[in-house]
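Heads up: the structure comes next, in structure tokens.
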Amino acid sequence: MTGAGMITIVDIALLTMLCFTAIAIMVLRHLFAVAALTGAFSLLSAGLLVALDAVDVAFTEAAVGAGISTVLMLGTLALTQRREHRPPRFSLTALLVVIATGGALIYATSDMPAYGDPNAPALKHVVPFYIEGSQNDIGVPNIVTSILASYRGYDTLGEVAVIFTAGIGVMFLLGLRREDEDDEGATRRGPGRPPDAPKPGGTKS
Amino acid sequence: MNHHLVLRVVSKLLIPFILLFALYVQFHGDYGPGGGFQAGVLFASAFILYALIYGVDNAREVLPPKALRFLVPVGLIIYALTGFASIVMGGNYLDYDVLAHDPQHGQHLGILVIEFGVGTTVAAVMVTIFYAYAGRTRDVDDEDW
Amino acid sequence: MSTEMALALTLLIPSLGGIAIACAGRYPNLREAITLITASVLFAVVISLLQEVSGGREPTLALIEVVPGLPLMLKVEPLGMLFGCVASGLWIVNSLYSFGYMRGTNETNQTRFYICFAIAIASSMGIAFAGNMFTLFIFYEILTISTYPLVAHKQNAEARSGARLYLGLLIGTSIGFQLVAIIWTWVAAGTLDFTIGGILRDKIDPTMLPILLALYMFGIGKAALMPFHRWLPAAMVAPTPVSALLHAVAVVKAGVFTVLKVVIYIFGIELLSETGASGWLIWVASFTLLAASLVAISKDNLKARLAYSTISQLSYIILGAALASSLGVLGGALHIATHALGKITLFMCAGAIYVATHKTKISDMQGLGRLMPFTFAAFCIAALSIIGLPPFAGSWSKWYLALAAADAGRVLVIAVLMISSLLNVAYLMPLVARGFFRPAPPRQPVGAAVTPGARFGLAEAPLLCVIPPCLTALGCLVLFFYADEVVDLLRPIVG
Amino acid sequence: MSLLSEHIPVLQVAVPLLSAPLCSLLRGVRLPWLLALAVSWFAFAISILLLIQVMDSGDISYHMGNWAPPFGIEYRVDVINAFVLLIISGISAVALPYARLSVAHEVDPRRHGQFYTAYLLCLTGLLGVTITGDAFNIFVFLEISSLSAYVLIAAGARQDRRALTAAYNYLVLGTVGATFFVIGVGLLYMVTGTLNIADLAERIRPLADNRAVQAGFAFIIIGMGLKLAMFPMHTWLPNAYTYAPSTVTVFLASTATKVSVYVVLRFLFTVFGPAYGFVGLTFEYIFLPLAILAMFIGSTAAIYQTNLKRLFAYSSVAQLGYIVLGIALGNIAGLTATVLHLFNHALMKGALFMALGCVALRIGAVSINGVRGLGREMPWTFAAIAGAGLSLIGVPSTVGFISKWYLILGALENSWWPVALLIVASSLLAVIYVWKIIEAAYFGVAPEGRGPVAEAPLEMLAPLWLMVVANFYFGIDADLTTSVAGKVAATFLGSGS
Amino acid sequence: MLDAIIAHYNYWLVIFLMMIGLYIVISRGNLVKKIVGLNIFQTSVFLLYITLGKVNGGTAPILTDKPETFSNPLPHVLILTAIVVGVATTALGFALVVRIRESYGSIEEDDILATERAEDEIAVNEALS
Amino acid sequence: MFIGATAALLVAMALTLIRAFAGPTLFDRVLAANSFGTKTVLLIGVLGFLTDRPEFLDIALLYALVNFIGTIAVLKFFRYRNLGLSNTEAADREEID
């Protein structure tokens, strides 16, 4: 068996595992287990990304998905609860939406270029310019970096702005220092708050 | 975690290497996988590890929130200003060619600078988010737990 | 003063007057002086325009083009001139009356009352002198909105629900039907300018004409064509000066005036008579005419009775338009003036009775004629004019309408006119009869503070409430003799 | 200056983008506001310059990093997005003078720096989405604006905790929408190999029968439909607008959905064009019924609301119905109405929400019960509500009328009689909910226990009245707006096929 | 048929994954779970993009000395950006969840809706009284 | 050789994944997730050789790190229900428990 054939097998195996993990995440009610599985999900997809030659993406997905997201989710669980209270319900609307969306995508696949097709239009139009230019214009071997930082550097500027927004947003919502929290602490409310208490309002902000 | 001696020692050993690895990813991004974003996350993870082992309060002394408040915007400012710099030097926005005499040099320089900006902001934001979560007191009843 | 300037002034004067009234709100005397001055100046300006028009000119003032091909434009033509004169002239009289009434009944929010009144007059002027259907529509809506606070003036539950009905029906019909008709017209004809002979000839499928006409007729809710007449009785919760000027003159006349404008300048009389598109309207108008009269007879509340009488009288004008002949249109136009004079008198009398005795029901009014002879005399004259007896002005318009019906060979319409005149007698004269020929009930304490005629054993309302109706009643008489002048003025509109 | 003049397109976005991090460094209450104000006015000036330049000398193309499209990211300004840019920055320029007091009242003073940072980011995102000529860049800037919008909405939690759930729901649906958009762009990229919108339009032409293209179209429209709260995907909107701080509601209600509409227009007409069979079908069988349902269900729901902000939020759903209806008509008049209504609706909703912000400043909550009898105590505020309300109804001489005029023209042009009648019928629903407020304010009796209420401060009234006056000015002299909108419509319909 | 499967199995599996994510988002009432679903949904979109960039026999798009076929680097770049956007959304979403939990005492949609509805009723009753 | 290693790794991954799904206790899941991470690190390493681009070991390194930190976070969270406790606080918590 060739390396390429093996890659295909890895590909299928990882995808299958991804699907099962996703189903498990859907079914499990223990949010802690969900967090652990989400981490596994990210690692799996990162592995798949390597198999698909997207090393940079795999790098990021591992760092973000398995690392940051997991920590974020654990942090959230620590501040909220670790079990889903309601048993999973079957939702017809959700099913219909999903079937419609999936149907549209499957419909689209029939006219998509085949998987791995070296003659796909996406490869023929803009990309050759990048591959060539990365060597000549920019002189950076990692084509992804040269596109990211130069050809589409503006997207990356936007990306940093997005991260910045998230940072500002979390600071805004949760506060950064203990002191912030301390004077908010006075208004904190437990879960036993009667629903008809007068003025609503998470007075914190 | 006073009695988790192994953990404390291992992480103390590990953290410098993580930082080093982060720097490697930051500056090796041109040649291999990686770049500012990934490096930023790695940087942050070093601090997060520190906070996990030694507590957030200690981490706050190492990297105070005030510094974070400053670092979060600074990365973005660096990036955006690079764009304006290339305008001032006579190019279009984010045109690194004009940053140095030789276009290829300029590209290198530009990529280096903006990747640095990306790394700064990403690292700072990640630590910020961690602080924000970890610094909040738990408000959960035991029956929920 | 150029005529264009004068034209702009007809809008500006009452608007500025409204602002001045708002500023002077704290000083009632100053406020009312401003009202009166504004009204007089406005009337003077309108009269100056009248001379232009009777000289055969048509001053025009294009203001601004809202969207391409859709300008805001003012233009004076005879019909509008007539309406303008009536509205602005009667404003003076009505202002005087308002002072007496509002003070006599100690109403609240008087400043708001006068401001809205001024705005309403300004928009009436806008309607009168609108140069195209679009401009007219804008002022039509402003009139509706500016009179809403007047109707809701008392702010109690009854006033609010009345005002809600008022606004709902007027805005509803205007947006729901009239606007559609206007846009349809614009799409078909490419213009909305008022043009003698109409703008729709060959522009629209003749079978569609009745539908378009129906959209217009029912869309002009102010003309109170059944089944969209309910707002008029509902609006009677307003103070009487409002009922008098607005719901006898400005608002309802704006409605029928618009009807005439549409028939004459949008469709064109000839087009209508050729295609017979207005045939259905004759019957709807006739129905409204009779039905409203019958309802009026059943009402014991004087203002409600007058309101239904107004509905009925408005249908005369619509009928005139529906006949689609020059005589019919002339009769209708003339009726705008004659009915205005008559009905405002009746309302002012009703108000005077209310101020003096706080009575609203006809059945309670026996014997009042002897206590309030001037009021009742004026009422009697106006009633006769409305009924259509010479030598009062109302007889002319009915005469023209009957002629037009005869011309068109519509015997049934003549019959309707006859019957309705009888019904007029039936609902208007009982009050006169009651007032003069029934014995008065034992003397009761009277509501009004000052009764100038008390020395003579009279119990009239304050002077300011009595003189205006007498003046307009006199007007009914005078107009009978000068009707020719009015007809001459109007002649150009029928070509 | 000549150095900068050729860089005007990028300054439009890059300056607010740079100012956002600067703003977060500022301390205190006043400085962040001043910076945001200065930047907004600067952006407004730039957008005026852009519009003039575009009207005079045609489209402008700016190449980021000096990489020619389709390789690099291109900023492409034509009449259409210049107009939308003008709306966004104009609203922002008017909203910020108003914001200071309102925000001081409603947002934690320690968070003002972050608040205005988020505001600037939102502005940046919206401007960026509008001006860019690159499909993926749209997504990036869309997310900047959305993420900051979530934060801004959640800032209302100090007043009412429901702001949090509103922001959360918006976040979930908004992210699903953005992801759908990404899927759509991905499908298009897959078969064309380009992300540049102009290039995309070019290369998609021979691919009209390609199923991936059709699916991509559907995903982009649905994704953006979620963002623009097209019925029935509007569920996030009412609560988000209701519980956000007043200034945020003013800004978002007048701009955020408009930008999504712009993106839909851009894809519908520039990239696809009604000549494609499947696109034309969507107009009649999907947009038309949805728009009409939105008009009626939105308005009907508005009638039953007791919270005035929510009332007008539902009215926004209905108004978006008008905007979509204009697209569905598919002719010049209808499209003119859509583009006009982007502007006009921003004017009227901006004014209305500003007025509600004034009320909130004085009495705290904006329930129909609370404003009873306030008309006399806050005459200017409620006169403004009345004026803008008339515009919402579509009374002639207001901007609302102009939009409806063109909408009905468009319907008649297609001989869609029932549609024309439905448009006017739905305006009548607007009469009901607007009048409910006016009646309560002017003829209602003040609830017990409410002391005397002062009129809102001049600093807030001035911008409010500027908007109200604009409602009437552009309703009477609509020449400027209609000519731009007409030009836009002509470009779209001319170039699309 | 087999050709079609080989040409598209990767897409199909990814689409299946995507739909699971979407289903979780819509059907689950737990706020944390919804965000997790959103994550799965987004991740699978990333996979879709990367899948379309894959070239048979290609290799990672990093230039080496020898000439090679590269997989399409552009989707990689786009997805890098998208991942960052995704994590930003997640962070913000979780922050909101924490705040909601603090205000409402629950992160179950049903409980929160019930609480809000009760409050709304009070408001409506006030308005009517 | 690499092919065989890959296959073995895949099987091992599937097995750990099953453990993670099945539970039954939380420790099982955490342990499974952790060892799953380890296997992914190995898989990446092997894949690098399989595709003749061994320089991607960088990624494997990162995975290992992330896995380490993630596991510590999970465990700390599990033990103290809080990610940010400092030493003294943690000690207090332990006494209470």
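We just call them A, B, C, D, E and F in the order they show up, numbering each chain from 1.
Operating definition for what follows: contacts are C-beta pairs under 8 Å (C-beta built on N, C-alpha and C of every residue); 3 or more make two chains touch, one makes a residue touch a chain.
Please read all numbers here as calculations on a predicted model, not as lab measurements.
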Labels of chains that are neighbours to subunit D and to subunit F: A, B, E
Co-neighbours of subunit C and subunit A - touch as defined: D
Per Cα centroids, the chain farthest from subunit B: C
Chain pair with the most C-beta contacts: A-E
Chain whose Cα centroid lies nearest the overall Cα centroid: D
Separation of subunit E from subunit F, taking each centre as the mean of its C-alpha atoms, in whole Å: 22
Distance between chain centroids, defined by C-alpha means - subunit A, subunit F (Å): 18
Subunit F residues counted as touching two or more neighbouring chains: 51-53, 56, 58-59, 62, 66, 69, 73, 81-83
Shared-contact residues (touching 2 or more other chains) in subunit B: 25, 31-34, 37-38, 42, 45, 48, 69, 72-73, 76, 80, 83, 93-94, 96, 122, 129-136, 138-140, 145
Numbers and ranges of subunit D residues touching at least 2 other chains: 17, 20-21, 24, 64-65, 136, 140, 143, 147, 150-151, 154, 157, 161-162, 164, 183, 189-190, 195
Every chain pair meeting the contact rule: A-B, A-D, A-E, A-F, B-D, B-E, B-F, C-D, D-E, E-F
Footprint of subunit A on subunit D - complex, ascending: 17, 20-21, 24, 64-65, 67, 70-73, 107-108, 110-111, 114-115, 117-118, 121, 124-125, 128, 134, 136-137, 140-141, 143-144, 147-148, 150-151, 154-155, 157-164, 183, 187, 189-195, 203, 210-216, 218-219
Residue numbers on subunit F that touch subunit B, as the complex places them: 55-56, 58-59, 61-62, 65-66, 68-69, 72-73, 76, 81-91
Touching residues (chain side subunit B, partner subunit D) in the complex: 69-70, 72-74, 76-77, 80-81, 83-84, 86-87, 91-97
Residues of subunit C defined as touching subunit D within the complex: 64-68, 72, 134, 137-138, 141-142, 145, 149, 152, 155, 159-160, 163-164, 167-168, 171-172, 175-176, 179-180, 183-184, 186-187
In the complex, subunit A residues that touch subunit F: 1, 3, 6-7, 9-10, 13-14, 17, 20-21, 24, 30, 32-33, 35-37, 39-40, 43-44, 46-47, 50-51, 53, 55, 58-59, 62-63, 66-67, 70-71, 74-75, 77-78
